[in-house]
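We call the chains A, B, C and D, going by the order they appear; numbering starts again at 1 in every chain.
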Amino acid sequence: MRRMLPLFLLFSTLVACAQGTGARSDELSGEWILTERVSGEALTRRMRLQLNRSGGITGDSATYKVEGKLNGADITLKWLTGSGRLLSSYTGKLQNGTLTGEADVGGLKVQWSARRPAARPPGALRTHRFTPKEFHRTYSSAHSPVLRVFPGDTVQTSSIDAAGTDEKSVRRVLGGDPLTGPFYVEGALRGDTLVVRFNRIRPNRDWAWSGQSLIGNALMPDYLVSMKRDTEFNSRWKIDRDKGVVYLDSPTVALRRFTVPLQPMIGSVGVAPQGDNAIQTIDSGEFGGNMDYNQLREGTTLYLPVFHEGALLLLGDGHAAQGDGELTGDALETSMDIEFGVDVIRNQALRTPRAENAEYLMSIGIAGSLDQALRVATTDMARWLESAYKLTSNESAMILGSAVKYDVADLVATQVSIVAKVPKAVLASFATNP
Amino acid sequence: MRRMLPLFLLFSTLVACAQGTGARSDELSGEWILTERVSGEALTRRMRLQLNRSGGITGDSATYKVEGKLNGADITLKWLTGSGRLLSSYTGKLQNGTLTGEADVGGLKVQWSARRPAARPPGALRTHRFTPKEFHRTYSSAHSPVLRVFPGDTVQTSSIDAAGTDEKSVRRVLGGDPLTGPFYVEGALRGDTLVVRFNRIRPNRDWAWSGQSLIGNALMPDYLVSMKRDTEFNSRWKIDRDKGVVYLDSPTVALRRFTVPLQPMIGSVGVAPQGDNAIQTIDSGEFGGNMDYNQLREGTTLYLPVFHEGALLLLGDGHAAQGDGELTGDALETSMDIEFGVDVIRNQALRTPRAENAEYLMSIGIAGSLDQALRVATTDMARWLESAYKLTSNESAMILGSAVKYDVADLVATQVSIVAKVPKAVLASFATNP
Amino acid sequence: MRRMLPLFLLFSTLVACAQGTGARSDELSGEWILTERVSGEALTRRMRLQLNRSGGITGDSATYKVEGKLNGADITLKWLTGSGRLLSSYTGKLQNGTLTGEADVGGLKVQWSARRPAARPPGALRTHRFTPKEFHRTYSSAHSPVLRVFPGDTVQTSSIDAAGTDEKSVRRVLGGDPLTGPFYVEGALRGDTLVVRFNRIRPNRDWAWSGQSLIGNALMPDYLVSMKRDTEFNSRWKIDRDKGVVYLDSPTVALRRFTVPLQPMIGSVGVAPQGDNAIQTIDSGEFGGNMDYNQLREGTTLYLPVFHEGALLLLGDGHAAQGDGELTGDALETSMDIEFGVDVIRNQALRTPRAENAEYLMSIGIAGSLDQALRVATTDMARWLESAYKLTSNESAMILGSAVKYDVADLVATQVSIVAKVPKAVLASFATNP
Amino acid sequence: MRRMLPLFLLFSTLVACAQGTGARSDELSGEWILTERVSGEALTRRMRLQLNRSGGITGDSATYKVEGKLNGADITLKWLTGSGRLLSSYTGKLQNGTLTGEADVGGLKVQWSARRPAARPPGALRTHRFTPKEFHRTYSSAHSPVLRVFPGDTVQTSSIDAAGTDEKSVRRVLGGDPLTGPFYVEGALRGDTLVVRFNRIRPNRDWAWSGQSLIGNALMPDYLVSMKRDTEFNSRWKIDRDKGVVYLDSPTVALRRFTVPLQPMIGSVGVAPQGDNAIQTIDSGEFGGNMDYNQLREGTTLYLPVFHEGALLLLGDGHAAQGDGELTGDALETSMDIEFGVDVIRNQALRTPRAENAEYLMSIGIAGSLDQALRVATTDMARWLESAYKLTSNESAMILGSAVKYDVADLVATQVSIVAKVPKAVLASFATNP
C-alpha cells in the first residue's frame, strides 16, 4: 500500500460540536478544540461555533461548515462541505464546559470530545527557564510534555551531546542524539505551522568530539578500498569560546595549526510526527528531525508542520562546527545552551520544514536520495514563492532559475536533506507589492 | 549525529545473572533471559549459567564470558570479553526463580532482571486459529501480543485489506495498511532470526480494489504532464478464485477481456523495529514492513531480524495480484486467509530481510533509492553465500556475476526495495560440500 | 544549456524538394531522400513529391506539406505546416536524377540535396556472410559501413571478445568492447526504427574470462572495506558447448563443481548516435550500446531508434553467461558467431530501445541512476501499450500495475539500465481487439 | 564490458624511442613527444632520451625506464618498469629530426613516431586575439585547432549564445551550445593538467533569453501535474552592464521590479575527451563540458585533465546570471567577451575537473545522479588535500568534516554535477607547512 493520505485530509470528515439556547450561548459560542479517537489515534482540529436564540448552531472549521442543534444538554452537529454535502454527523452532551459523544464518519463509529483552548495567563509574554532531567531518543507523541508555553513565549534550556554527555562532562543517558523536551505549545494543532526562533545557541563546555573518518556513502569505492584508517586517531576538539574557534585537542603534526571557526548549530530538532509514529532522533522527515543543517543556528527561524496538539518540540544534538553533510558521521558534538522563541501560524500546513534568516528563505527537502531531496526542496520553494507573492509557475521559475542556491544539509541518516535557498535581496522588490 | 550503533553492540556491555550453592544449582543453572532497562529501553539477551559447589558461577552469553558468586540470595556477576576485559558488573538477588538488581555498565547505572525462558507445553507442535479483532498501523514494540506461539507452531489467521475492509466487505478500521498481530514467538530475542513460512495466502472474498493510475515517481516528467487522468475510472477488480484469475469489475471496452493470474501475496509483514521506534505499516526497513514483494506468497519462507523479545510479528496488506513495484500505489487490495509456521534461528543477526522459495535464495534490500537498495541486497547476498558455503569474496563474486537476478519489489513508500536472487540450481553443487 | 531538442524537431523546419513538367514527372514524382548540411551536420528525411502538368509540385514529408514549382531544371519548394505556416523555402536544380540547391531555414542558409532511395536488387531476400577485419570502439556516424543490406536481409557474422581476442584466441585489437560493423540498412532514416532479430548467438570458442570481484558501485561501504581480494584469483571459464554449461577453468576447491548454464548474449549493440556524437562502445544511451542485458539473446528482437541514414549498426561484446547487472564488471567474455535479420519501421521514432521475445514486450530504460532508468522504462512501456492498443493512461496503468516485471540489465557504465517487461500472455486479449 | 581502463594505464605498455652516437647526441638527446597509433587511436606521451658515446641510449618517461641503441639511423628502444620488466620494444629510424618505426606492445604490432616538442617563439608571453568564425557542438579530438598557444599565453576571444546567436544578435549556427575553439596548448599531453584562468567574462550585448519554466527533473510529480504553464510567457531579459543587473525585458506585473545581479559565467568549457569520443557540448564528463557551474566566472581558475596533444580547449554557453542547477534548463543565455590565460601542469592526471578562486578550492563531481556526483566530488577533494598537504585520510576527514561546502552546479544534462569546496581560510595553516 502506498503512503497514507495525510490524516487531516482523511479526516476532513471527522469533526464537530455543540450546545445551548439563550443564556447558554456563552457556554457554547466561540472556539473549541475537537478531538476524535479513531482506530486508536487522537485527531484534533479547531472549530468555531455560534449558538442562536432558537437553539440552532452554525459554525465552521477550516473550509468546512458546521450546523447543529442544542436541546438542553443534548447536542447534534453536522459537518458539511462548502457545497452542502454531508461529511459526518455527531451527537453528544454539553457538560461542565466540555462536549462528548459519538460520531458517524464515513461509516466508522467514532468517539469525540471537545474542549476550550487554554487561555494565556494574564500579563506579558514569558521567558521560561527549563533544566532537562530526562532525554528522548525518539520523536513521538507518546512522550509527556516537560513544559507548556504559549505562542510568543521564550524558552531558555540546554542540550546534552549526541553521546549523552552534559556540560559537566557527565554521561547522562545512552547516546544516539538524546534530545531535550518535548515542549508543548498551547494552541498548536494539526495543520498549523510551529515557528521556532533560535535566539541563542552556544556551547556550554570547552570540548567536542567528532567521527574519525569520512562516511562511506560520500566516497567512491576505489578510495574506500585504498584509504588507510587509523582507529587510534584522536578526534577530540577544543572549543575556544572567547576566540570563537575550534581545533583538535591533540593534533597530529600536520594539523597542529589547523583551526575552524566556532559556528554552533542544532543538529536535530522536530515535532512529534504524524499518527503513532515514533522516529529515532537520528532520523528525519517532514516533521524535521536530524536535518544536520549547519544554518540552524543563532538568528535562524525554523518552521515545522504540526501533527499533534501542542506540536511537542524536541531539540538537541549540538555541533560546535560542521561542514555540509556531516561527513564524519558525527560532527563536533557538544552540549549547548539554547534560547528560542515560539509562535504558531494557524492553518498553514507545511509539507516539509522551512527556515529563514537575515539573508535567505530556505526550504528543507528531506528524502531517501539527494536527487529526490532536491525535488522536494525545489518544489516547496516554488510553492512558497507562489503563495507568498501570488506568483504563477512561470514567475517563480524566473526567480529560481536566476537566483536559487542549494545547500547539502545532511548525508548520514536513512534520509538525506538538501536545502533550496532564495536570497531575500532578490525578493526585495516584492516587499511593496501587496 | 549519524545512525545509531545497533543496540546489541552498544550493550554487549549489558548483561548478567544468578545464583546458588549445592541444592540451589537447579534454581540457578541453565538458561536465562536477561533484561536491562536503560534510558527507558528494555534490552534482552540470552545467558547460560552454571553454579558450582563452592558458590562460584560460570557462564556465557553469545561470545562473552560470565563469572560470579551466589551467596545465599545475593548474587554478583561480571561480564568479560574473551580476552578477559571487564565490561560490566551486576549485583542482585535470586528470589522466586527470578533475578533482579542493579548493574554498572560503562558508567551508566542500570536496572536488570532475569527470568527463565517459557517452557513449551507438553505435546506436539500446535496449530493456533486466531481471528483478529483489532489492527495496528505501526510496527512497534508498544503493541500487546495477541497470541503467544512456540517455534514450530502454525498460525491460521486472516487479514483485512489496506483500507481496513474485511472479508464480509465491512469497514473495520482506518486504512493505511492495518495489520493483524502482533504474534509473540517464545524464545525469540534480539539478535536472533525469525522464520516465517507462508503455507497459505488466499483471498477470502471475491473482489479487490487498486489505484487508478501510475505513481508519479515511476514516470518521466513529460509523460506526467501530458497524461490524462480519468478520476472516475473504475479500478475495482473481480477475483475468480476457481479459475485463478482477476479482472476489472466494470472494464472499459478496451479492457473487457483483460485478465491477469490470481497471485495472492502479503504486502506488509515485519517485526517490532529497534528500540522505541514505531514505523507506520506502509513503510519498510530492516525490520521488514511494507516491502510489497510479490514473491512473499504461498511457499515462500521469510527471515526477519529480531529486535524485541517475542519478535512481535505483524502482517497483512494482501494483494490478489501485483506487478513489480506496485506501480498503481495500491495493488489489487483484498482481505486474505493466511496460514504460516514460525521458527527461530538463535544468534543469527540479519541486517536486512531474507527469503527463500523452491527456486531462489533472496536478499531484500531496502533503502531510500533503488541504487542504494541494490547495494544492500547485493552485499547481503554476497555475505549470505560466503557464510553459508564458506566462500571468499572472489568465490561469491563468481556466483553473483554469472547467476544473480534482481527483482524490483517496491517503489511506493519512503523506502524502496530491490531483491537479489540466486537460483538454487546453481547452488546445488554446494549441497554436498560440507 | 539544457539537452538539445531532438534534431527531427529542430529541423522539422529543414526539408524540401523537386521538379518536372509533363514528361519529367517520372524524373521527379515519387520518393526522395533529402539531405541538409547544417553547421557541419547532415540531416536526412524522406519526402514524397508529385509533379502536375502545369509544373506545380505537391508533396509531403511526415506531417508536413510541400509545395513548389519546376521550371526547366529549376526547382523551388516550400515547406508548410498543416495549418499552412511557412517553415522553410528551397531553390535548386534537378540534374542527373539528383536535386541540389540552397535553402533558408529559420534564417539559416543551408545546403541541400536529394536523391532517390536505393532500390532492392531483384530476387529474394538475401543472406550475407561477413567476416570482420576491423573493429570499432565508438558508436559514431563517422565509421564507414562494412556492408549494405536491405530490410528483410539476414547477416551472418562474428564478434571478438571485450578484450579484442577472437575465436582463435588471437588478440586482434585493443580491448574496451571492440565491435563488428557498422552495417548500413538501406532505407533507414532518422525518425525510423531499426529492427534486429537475433537468430543465432553462439560462442565460437571454448573459453571465456570474467572480472575477479564485484564492482564497488553495487556494494555497501562496510563490505567493500572488509572484503578480501585475491588478485591472483583465476577467473578464466571453460565453455562446454555440447552440454550447454560453463564452469571455472581452474576452480578453487569450494567451486570445483560449480557450473552455470551457457546463455549466450550480446552485451553491446547499437546504432550511430545523434549528430556527430561518438560514444565509446562500453557506454549506452537512447541509441542502444552497452546495455549488457542478458535477454538480448537468440530469439529476441531488438528495436533501435535511427539517427543517421542506414542506421549504422554495430554489435559485439558477447557473454557466455551473465547475471543481472554484470556484477563482475566483465561478464563471461567470449567471441561469438552471430546471425541476425534486419528490418525498418518507417516514421516510428523511439525514445529508448525496445525488445521482444516469445514471452515479453520490453522497454529498456537507460539513465544515470537506477531510479531514473526505471522512470524511462516505465514511461516507455506505458506509451508503447497506449499506442499499440489504443489505451488511455488509466488503462495502461491497469496492465502495468497488475503485471509489469523489471529486470536490472546493466550497472557498470556511466549509464545504467533497467528493463520494464509485460508478459504477452496478459496482452493476449488485445490481439483480437482491432 | 565495464568502463575502459584509462588509456594511460592500458598503455603504460606503449612507448619508446631514439638515438645517436658522438656528434648525433644533439640530434637525439633531450625531450621527445612519442605517438603510437593503436587500433586507430593516437596515443602520445613525453619521453626524455640521452645518447652516450658508445651509441647506448638511456632515458625515462613518467615512471618508466627507457634503454636502447642507435646504430647509424637505426634505433632500438626498450621500455622497462622500475623493476626491470620489459613492457614493449621498438625499432625505427632517426631521419630529419624525427623518429618512426614499429613496436611490439603486449603482442600488438603498433606504428610509432616521435618528434621534438614545439619551441616557444622568442620573446615575452603573448596575448592572442581570436575572432571565431566556426563553432562546434561536440567535444572531440577530430576538430582542427583554431589557434596554437603556449603555456603562459593569454587569449582574448568571444562566444555566441546557446542558440547560436552572436553579439550583433545575428544567428550564426544551430543551437545546442555551439562553442569557440578548439585552442591547442603546446606541450599539453595526455596525463597532464590544463590550467585555464578566467581573466574576463563579460556579456558583449544587452540581452539574454532563458527557459520559461522549471525543469521536470527538479520537481515533485504532484507539482508538475498541477502547475500551469504559460507557453507565451516572455522570458527575454535585459542586461544593464553599467548597473550590473539583469531584469525581464517585458515583465509581468508581479515581476516588474524584479532584478538579479549580473554574474557572468561560462556554462560549457572542456577539452577533447578520451580516445575517439565525441560528446555533445550540452553534456559533461571528466573532460569538463556543460558543467553549468556559476562559479566558473572572472577570477576563477579551472583545472582540466588532458587526453589529447594540445588539450583542445573549447568554451562558450555564457550566462548573464544563473541560479544553482540551471533550473530553467536554459539560464540567461547571452554572448560573451572572454579573456583567459593557459598553463600546463605536467604529469598531473586529474580524475575530474577542479577549480580555484580567491576563497575556495573546488572539486567538480560529475555523474549520473547527485548522490554519485557528490561521491566523486568528495573523494577528489579528499585526495587533493591529502596530496597537496601530505595528509592521511583521517587528517583530510577532519578538514572536510568541519569545513566542506557543496554547490549543486548542474541538473540538466545526462550527467549532473556537485562541487565540493574547502575555504582557503581554513587551509591557511598549511601554507607554511611544506
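The rule is short, and it goes like this: contacts are C-beta pairs under 8 Å (C-beta built on N, C-alpha and C of every residue); 3 or more make two chains touch, one makes a residue touch a chain.
Since this is a predicted model, take the numbers as computed values, not measurements.
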| task | List every chain that touches both chain A and chain D. | result | B, C
| Selected pair, greater C-beta contact count between B-D and A-B | A-B
| note | Computed over C-alpha atoms, the centroid farthest from that of chain C is that of chain A
| said: How many angstrom lie between the centres of chain B and chain C, each centre taken as the mean Cα position? | reply: 45
| Taking each chain's centre as its mean C-alpha position, how far apart are chain B and chain D in Å? | 52
| message | Need the CA-centroid distance for the pair chain A / chain B, whole Å please. | response | 31
| Of all residues in chain A, the ones touching two or more other chains | 211, 215, 217, 219-220, 326, 331, 369, 371-372
| note | Residue set of chain D touching chain B in the complex reads 215-217, 219-222, 224-225, 369, 371-372
| message | For the complex, give me every residue of chain D touching chain C. | response | 1-5, 10, 38-39, 41, 106-108, 135, 137-138, 140, 142, 162, 164, 171, 173-178, 211, 215, 267-268, 274-282, 285, 290, 292, 317, 326, 329-331, 333, 367-369, 371-372, 412-416
| field | List of chain A residues in touch with chain D within their complex | value | 210-214, 217-220, 223, 227-230, 233, 235, 246, 248, 252, 254-255, 257-260, 321-328, 331-332, 369-371, 374-376, 378-379, 382-383, 389-408, 411, 418, 426, 429-430, 433
